[in-house]
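Remarks on the structure that follows.
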Amino acid sequence: MTDDETGRPIGKERWQIPGGHVPVDSTGPEPEMVSHDRLCLLNAGTEMAILEILLYYADGREAGPYPLTVAPRRVRHVRINDLIDPYAPPLGEDYGIVVESNEPIVVQFSRQDTTHAERATLSSIAYGE
Amino acid sequence: MTDDETGRPIGKERWQIPGGHVPVDSTGPEPEMVSHDRLCLLNAGTEMAILEILLYYADGREAGPYPLTVAPRRVRHVRINDLIDPYAPPLGEDYGIVVESNEPIVVQFSRQDTTHAERATLSSIAYGE
Amino acid sequence: MTDDETGRPIGKERWQIPGGHVPVDSTGPEPEMVSHDRLCLLNAGTEMAILEILLYYADGREAGPYPLTVAPRRVRHVRINDLIDPYAPPLGEDYGIVVESNEPIVVQFSRQDTTHAERATLSSIAYGE
Amino acid sequence: MTDDETGRPIGKERWQIPGGHVPVDSTGPEPEMVSHDRLCLLNAGTEMAILEILLYYADGREAGPYPLTVAPRRVRHVRINDLIDPYAPPLGEDYGIVVESNEPIVVQFSRQDTTHAERATLSSIAYGE
């Protein structure tokens, strides 16, 4: 179901999200209620997708590349807060995300902000090309 | 109004949403206030659209395919919680959605999270190609 | 600034939004806090854009077409609740939106839900082609 | 990592957002909790991006162009409220945004609404072409 009649796989290999910003404060129990930015990666194809995630900041610093794999016919949701190898990205700062994959995937970006007692959420399919 | 001058119908036949996750908890009366992920399917064409919805999880499990139809010139909103045939998808887990249609349609994804007393909502047009 | 070097205008002439649903209840003063779905229409070109808006429901009913114009180099935000000619669309029901324009425009969809004391909001660029 | 094998840079040079509207009221400490619309601009390329931002209103007024640069491999988040040169855009009014860049970039639009004690947030990748 994942390839069309021409055998063309679904998705793109390069994705970008300009609006990264992990809120510093959280309200409520860990890990469910921790404020976070989240990358949602869907590999509906038949080949392992090998990714690199790179974060760009406003002052010229970069974080990563963070290596990641998404197995065929699987989804993987990754909190930016949980990227720690080679090093943890700083919180509370503006950043943009570049995702590069060797296989076509689809990428969605979401934020959960629990600075206050109630959740605020947002989400958008990333820009792919 | 639904076809352009070349007779080309509006929409795509293959859509994906990587960011599925139905919140387990809800606050308030059923069914209005139940936490849910929702697929919104618009068939603005003149032919019946015959769909298959497939859910991919993080651990390699799949749910579906769930068969669905959208009549010509109609909209259909489907809560993921309400997909039960062939079996109900598990809640509280990360998943991605693949929608395949025999006719061009347009797909939007939304979430209502009522874990707390106030609603949190998000929405995005899905990735179509 | 609105046409590129080839003179090609920015935007699309056909847009769709599958996820329409105006919440029935509101909390707070009119008109600011009334629950609503909103179409945001940007005509950055140099010609008057003449639009027709059509609403499709789940049961086969249609509402409209609602005629609308957007002057050159202007934005126009329209609450679905305020479409009343030829007749007011029903609230509290699922619907999809088709926008047709004689000139390229860009369309964004937003919802404000004040069923409860706090606002819930969502937004997405519509699907254009 | 930012150019594909053909050397084609990632992104678009022309972006539009129809749904601008900065809420007039805010709750909580400045600057974090001030209601605002935000443009998130990602330049993942190797050349300085030189931008002009133009705001279109419902009554035919325009604000700007506001000049802006985004250095190579950097992100820049700009609150519409903070655009003051050549003059501050009016708050509490509907507007649309046109971003023109000499280099390919990616643009995301977000709103934080703190009219009430809790944040409401929304976000969407802009329309690029």
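When the chains are written out, they are named A, B, C and D in that same order, and each has its own residue count from 1.
Going forward, a contact is a pair of C-beta atoms (placed from the backbone, for glycine too) under 8 Å apart; a residue touches a chain by one contact, two chains touch by 3 or more.
Chain labels with UniProt names: A, B, C, D = Sensory rhodopsin transducer.
Bear in mind the structure is a predicted one, so any value in this text is a computation, not a measurement.
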Mind checking chain A (Sensory rhodopsin transducer) against chain B (Sensory rhodopsin transducer) and telling me if their interface is mostly the same residue numbers on each side, over half, or mostly different?
-> different
To lay chain B (Sensory rhodopsin transducer) over its twin chain C (Sensory rhodopsin transducer) by CA atoms, how big a turn is needed, in degrees to the nearest 5?
-> 90
How many angstrom lie between the CA centroids of chain A (Sensory rhodopsin transducer) and chain B (Sensory rhodopsin transducer), rounded to a whole number?
-> 21
Roughly how far is chain B (Sensory rhodopsin transducer) from chain D (Sensory rhodopsin transducer), going centre to centre by Cα mean, in whole Å?
-> 30
Could you tell me which residues belong to chain C (Sensory rhodopsin transducer) and also touch two or more other chains?
-> 117-118, 120-125
How about chain D (Sensory rhodopsin transducer): which of its residues touch chain A (Sensory rhodopsin transducer) in the complex?
-> 1-2, 4, 10-11, 38, 40-42, 44, 71, 73-77, 106-108, 110, 117-125, 128
Chain B (Sensory rhodopsin transducer) contact footprint on chain C (Sensory rhodopsin transducer) (complex, rising order) | 13-14, 16-21, 52, 54, 56-60, 62, 65, 94-96, 98, 100, 111, 113, 115-118, 120-127, 129
